[in-house]
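I've put the structures underneath this note.
Common to both upcoming complexes is subunit A, partnered first by subunit B, then by subunit C.
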Partner chain A sequence: MSETTNKWIGQNTIRPDGAPKVTGSAAFAADTNMPGMIWGSVLRSPHAHARIKSIDTSKAEAHPGVKAVVTAADIVDFPVDTPFPLGIQDMRWMCRNVMAREKALFHGHPVAAVAATSEAIAAEACKLIEVDYEVLPHAIEIDDALAPDAPILHDFIEFEGKPSNIAGTLEHTKGDIEAGFAEADVIIERDFTTRPVHQGYIEPHACLVSVAADGKATIWSSSQGQFMVRAMTGLLTGIPQSDIRAIPAEIGGGFGGKTIVYLEPLATILSKKSGRPVKMVMTREEVMRASGPTSGSKSTIKIGAKKDGTITAAEGIYWLQAGGLPGSPIRGAVGCALAPYDIPNGRTFGYDVVSNRSKVAAYRAPGAPIGAFGIECVLDEIAEELGMDPLDLRLKNAAKEGTQAVHGPTYPLMGYVESLEAAKAHDHYKAPLGPNQGRGVASGFWFNAGGESSAQVNITEDGNVVVTTGHPDIGGSRAGIANICAELLGIDYRRVSVLIGDTATIGFSNLTGGSRVLFASSIVVTESTNNVIGTLCALAAKIWDIDPEAVIWEDGEARPAGANAGQFPPLTLEELAARANESGGPIGAGAQINTTGAEGGFGTHICDVEVDPELGTVQVLRYTVLQDVGRAVHPSYVEGQMQGGAVQAIGWALNEEYIYNKNGHVDNPGFLDYRMPVASDMPMIDTHIIEIPNPKHPQGVRGVGEVPLVPGLAAVRNAIHDAVGVRFNDLPMSPPVVLDALDMAEAAE
Partner chain B sequence: MTDTQYMAPQTLDEAVTAFAAGGEAARILAGGTDLLVQMGAGMVNPGVIVDVKKITELNSIEETADGGFVVGAAVAGAVLEEHPTFGKVWPGVLEGLNLIGSTQIQGRASLGGNLCNGSPAADGVPAMVAAGAVLTVQGPNGRRDIPVKDVPTGPGKTSLAPGEIAVCFTFPPRPAGSSDAYLRMIPRTEMDIAVVGVGVNLTMKDGVCTDASVGLGAVAPTVLLVEDAAKALIGSKLDAAALDAAAAACSAACNPIDDKRGTIAYRTKVAGVLLKRTAAIAAKRAAGV
Partner chain C sequence: MYQFNYQKAGSQDDAVSALSSAEDGKFLAGGMTLIPTLKQRLAQPSDLVDLSGINDMVGIQDGGDSITIGAMTRHVDVANSDVVGSKIPALQHLASHIGDPQVRNRGTIGGSIANNDPAADYPAAVLALNATVITNKREFAADDFFDGMFATNLEEDELITAIRFPVPEKAGYAKFPNPASRYALVGVMVAQTGGETRVSVTGAGQDGVFRASDIESALSGNWSAEAAKGVKMSDDGLNSDIHASAEYRAHLISVMASRAVDAAG
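Presenting the complex of A and B:
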């Protein structure tokens, strides 16, 4: 396969999920119903921090219509002193997050759940549950949680020998940081903060669970991993995984926030107790109070450079909010922060800080935007100080093939430099700017990921193809797989149906996250398809009575080759499928692989803004995303990923934030006051696809989806600085914040 | 939990009787774009819902012989937008109403609902206050007129007596050279709640402002009529000094709260900024350019 001969790879083929979504027939999690189904509702903590002394559910259980009640006593306990990692989660924290155990750790933390014959009865019965709380002082912000007299959330967490809200640390170092700063001609050190932001998927968490009389459980839910749902539900309920069938629904957005369970274990226990199928659907308010978001952060960044722009040393220290239980994405922050640069002396350090907020969940390049924000802002300032173009400064220090990153790996062939060069050459970078307008640039990196994938490729009796994989499709994987499978088989892509299997019908596949799915599943699909082609060639050989090695597969048909070339008329896929039983039977192959070779992705963004100096509003005028995507198997989906990431970054930079009241409750738990951007806020996001194929992948695929969120926060912030001369080091740069800073800058003059 | 009764009478008299009989738990439903959201959030749980969308008087638009308008309280934004002349005479009132929500919301939302919901940030109200519009209400004790500026009495509260239903708004006839405008500040470009909203109604003659009126929203417990701002404009050529004075009057009139939607300092400053911008638009329209 090569760029020039590809027929389907690189084509914007029709999305397999397009028509169902546009016509409303796609079945999301809340669309599934069953006869006899009842409704579950969650009772949530009214306090930000409280010890649970006792729970009395008797009145709720006696309420007419109530069929079952669940509390932490029904959920398998994972003792706090024994780590139990499962993917990126730890079951010690998962069991305490799905249902408060010793303590309610945030306002909205589940305390009990009820299943009843209607949603209204279930909600009413929740109010009849009597919980005796000992209300404790709470800490919401990082500084509150780190204060010497801070309320300690967990007495089993210690840091430097003392009870602490610092639950963990992670450090990367390279070279000699002190010596590096000593060599620098200019050193800039700044403090930054970012706010927690929600993934903002449109579809709230929802599930339907039926535990049948034989004890076997079926779960229909919206998640980024049906196998994650099965494993976590099994562990939290004590049901063996072989007795749980998790069926993935079409997913209405995840962005990382659905790599975790909230409702499935509760609904499973409620169904088991009641003997009825139980449906649970979160309200938007529940989503905003108790799911996601990603961490808020503070950081201190210090970079030193020589007069010619060579970076001699860089250091980033980060504190990330984990929410009520440990596990903030410090790895993404400290790992990705310096990854785009070839730096001789570097150090990054991250603290995982618990406080009385909902437990964070993965969000598109978890931690990486936080890591990049301060670094990319300080680089902008260094460029200004040195009188250098900010892209030239980055080019001077750009990581390349062979560079050893501060976080460890030595890079193979990759396209960061190309993204910078393309940005410099882009007409956007040269376009004139008007008054109050400014331009900013920034770069970013994401690790990408491999891991376990399974696929089955079957040839139907009429000679078409069904591919089953194990990953919920949140970014176009079905379309990409159809292109790849059709390319390999040399047939029209419309003859390939790509489905997502449930946990009983396809082998283990790790969850959809880390930009891994097309990378990993195309490896297993390629192997399966090649095996199918081998079977087809063997079948043709048998029919012709020649050596299998003397048969080649071309343009969707078996052809005799070598000495036999031209001796027999070719056999098409349809003909071979029809004659499958003549020799061996059904044609199909599967593969299950723990894939490796996912290499990192890099991108550079250019952002133009206009600031209204009287209102403090920032309008994004033009935005260009330039990224090495490896191979754009389905370019419009790739562009969609690049655009979506940039839009989420713009929202994070400009307006999104949780507002807590003095009681530690979120005061804006909905899209009206949690200000995600709306379509009319955004310009069309321009994309520039760079293809430096990943040498370790059969089609050259790299992850695409996460990189485009990483540079955006700083690109917007650097553009605002260029427009009005003020450097904002705290997000969001909302109108009151911007206006206030402009007024202060004016007063200072 | 109680069950909710729903009725959609054809006449105003029937509606008044049913609404009064329903007592405190009764609610009028016009577009429902506030009421249904509040019910969904569990904030209200009406015993009776009286839908007024079937009553002709509440759903018609009439241009009177003298050039005034009578607009039914339940007329939806999209319907008023399609009227051939209303938007030419009162472009500011219309743009205030049309800013509400989205296309879907415009198919339902009404000026009556916007006013009776009692939000200090209601987008339809400041331009109506500036326009000097008058609301006609009908209740068990008959019919009466209330200037729109006197309808809101606090967040979620109005001066309508128990059982009274908003029927229609009367917009006065106006001299040549008059126009109006409405601007709001929101952090996004749509689907948001005004942090400040300003309606300005002007009459210009030979470049001089001969009459003016300013309505200010989202900066106090109720929408305000800012007479000092109007005084600063009247008699001026809307020069910088007059606009500065009017802006200062708007800022001075502000009595806002610090909340999730904006700070006191921000709202106070922006009220003045928007006054200038809104007055400029109204003046341009009044001059016919």
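Presenting the complex of A and C:
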């Protein structure tokens, strides 16, 4: 880590959410209750694809204990021919995702919801709703959806002049791709597939909504953005945003999956109709069937290089599953795929493919791991073909300051080369390997993001500090902000409380996502804190009767700037807070900014595996994540992000997948059948933090949380190849798959 | 969960009479299967008769050439038992790898065997070690106790009180855990007791735990990992599901048997 004189930035201070979480007192979304509260339950489609001809809710409404029923007729319709973007979402698709409208598009798609005096009555009443379905043929996999005779999900979607399940495309190009391949000495082209995986947050979606007699709604829910909850719920229910107060609960994991609403609009309408507070909590099965996993994909990757390793051209074509409604993360796939490299001639192209699956949601660097997987696998093969060390091949082609990326931007100062050099120099890269063991490397990129953030910094009457920001904390932002505010004020971090405001108590703040929260919120916190320091200095100047310019703030106290300013004993924060009314009154400042200056992040992973040739199992023996984080404001949280991303990548690579049966139903909608790794499956993930401070940020922050998922799929796969000589191009590399491939390789010899 | 009457029995006789007088009663041991089943409303018993207060069904007794484990003894207590560790280390190893710590802190050997989950670990130990299942009415030889998936030859009001394991010359257990649930995708126990070789397989069979007679024959003549591995198991009657095909399970049986032999020494 780079040397600084910081006292708190860079310290592993005690996490403000630690004690409540460890002792079980943290209030998650399902922990809030109200007097008179009733329970909502969702009726879900039993078919993967069906036209809804009619819905009769009369029997459910007459059922004792039932207080309200909602169907698509109660939800604001956004016509399919008029785009209505909200962030990266489109309300045309959101209104059809929270409740099936013309058609049920996947097994588990909500069709109606009931609120009743108990969960059991609500569930029973759902069964009394009569839905007349016209069952339609379904398409689950990409190839099914692209087949000439595929069932078309949406007749309003056309591609190349014909009804199609291709809902959109995105292309990046640079240079002359054909000329580039013509210059190459070696060209390798391969096809890859990745499977859809769920974010796997432990806390299911949950909310409590109370619409009072005056029509004002209060929403308690677990999300990655209370302002997103307010906006989407307002749009889907027709309630003005000023009449909705969205209060964020402590969040039990999100990883991108809580950046859209599922239950909140339903509970709001049920509460409005019934006049009672309505609570809704998904079961794990509902989470797995009906909340968004990330896309499954297929891709074709072609890379050409000269004998010295110089890449002359690279191309990646990607098809990503969107689920039943448009919106797969093709931007992340085609934007991040080639981002680590200085490539003269490049092209990436992505297709957004709808099929009868639950609509995908963001998952940690959405699309980027899919983009990087095939590229990093083909680079491994090129390195082998050329007899080059795979890190040397990457160093030869590494993007650096001034490189123009295939996806457009010209990079400023950044630390990709440093991550490769650190990997090469790392003990791990030189450690000996035993039989059936292998080592793989891969790199990855994520855009990171700025955007809207708000903060308020208030000095309490006793001279301590309360900071309020508008972003749910899913990765340590409260701890990071406490460090930064304490650093600026020159006081102990324990005197700074950091809270997450609700939509009524803090200004608009965009989603927690894109690795943007500490980047953006520390900009507004810095501006607010500096304004507070200005107020404190002005107060001291007034007390001393000198010019405010002659006061400086150091180590938590106001001091005369120098001998010429006069001889006064310093005034501490506590003393000034106590005397606030001598000039201007309460001390506090806020800032609301659409932040800019976010710069991308790069990382390189080293993975060692051992393959059991009798069982086909793959054990990760050692794993090192090396990443440029800009500035590690709270290093143990940064390490936790790097470790967590790597673990999610290992799970995606080795075992996780959604398994559909022939009826188009998910066969493994729970943790007894969905193969997510647990702690005992993993080695300790080693981290190597590189700090190339972002010059456009006051503390040098880049964003940390998403990059570490990106390289992992290929790092594991390349390690397996090194161990056993077999190249797997399809995920997951589960034991039966690996054993089959080993047997085939043996038979071929 | 539907409503039910809860009764806590103070003795074996209390438990049996409470169950007999219930309309549709069930014994509650550790509850590791029954409680989730109730929570999902997959069962609707009229009464639960809780066995946790019956003191003479708990504990591990060293009988010299056998060990008797009370039916209400928790997995964690078997895993931590010096007696089991010194006399049948394979059984200790098996108990210490059931589920996760929460399950081992609640689950009981009697509950596991009475439930006879086709992927549970203990049924493999009972069968391979040729244990005797002791009930309030009689004693079962291991081969006579299990009766297919989730089924045993227990009568309605019959209560397992203890399991008696003869001390083997050698025994080993090797499990391939399901990567999601951690139940045995295939678990194999091998044992030599009084000159007899027995091999049991859990997790793989459509009818639950079974003895792998081909591997028993191979090991009887040649107690070695290679002999076990050399047996090509048929996939007839084996499970095929989203986690593994019958062919893969058949392959795993031979490999896990060889590893169990290695573990047995």
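The rule we apply is simple: the second predicted complex is superposed on the first by the 742 of 749 C-alpha atoms of A that agree within 3 Å, B and C clash if a C-alpha of one lies under 4 Å from a C-alpha of the other, contacts with A are read in each partner's own complex, and residues count from 1 in each chain.
One rule holds for everything that comes next: a contact is a pair of C-beta atoms (placed from the backbone, for glycine too) under 8 Å apart; a residue touches a chain by one contact, two chains touch by 3 or more.
Small disclaimer: the values here were computed from a predicted structure and weren't measured.
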{"item": "Side-by-side fit of subunit B and subunit C on subunit A, or clash", "value": "clash"}
{"item": "Partner chain(s) touched by A:367 [first = subunit B, second = subunit C, both, neither]", "value": "neither"}
{"item": "Subunit B versus subunit C as contact partner of A:668, first or second or both or neither", "value": "both"}
{"item": "Which of subunit B and subunit C A:655 touches, first, second, both or neither", "value": "both"}
{"item": "Touching partner for A:124 - first (subunit B), second (subunit C), both, neither", "value": "first"}
{"item": "Most subunit A residues touched (candidates subunit B, subunit C)", "value": "B"}
{"item": "Residues of subunit A that lie at the interface with subunit B and also at the interface with subunit C", "value": "614-615, 655, 659, 667-668, 671-673, 675, 677-678, 681, 734-736, 739"}
{"item": "Partner subunit A, residues of subunit C touching it in the complex", "value": "176, 178-182, 229, 242-245, 248, 251-252, 255"}
{"item": "Residues of subunit A touching subunit B in the complex", "value": "120, 124, 614-617, 654-655, 659, 667-668, 671-673, 675, 677-678, 680-681, 734-736, 739-740, 743"}
{"item": "Subunit A partner contacts - residues on subunit B that touch it in the complex", "value": "1, 185, 187-193, 195, 260-263, 265-266, 269-270, 273"}
{"item": "For the subunit A and subunit C complex, residues of the former touching the latter", "value": "614-615, 655, 659, 667-668, 671-678, 681, 734-736, 739"}
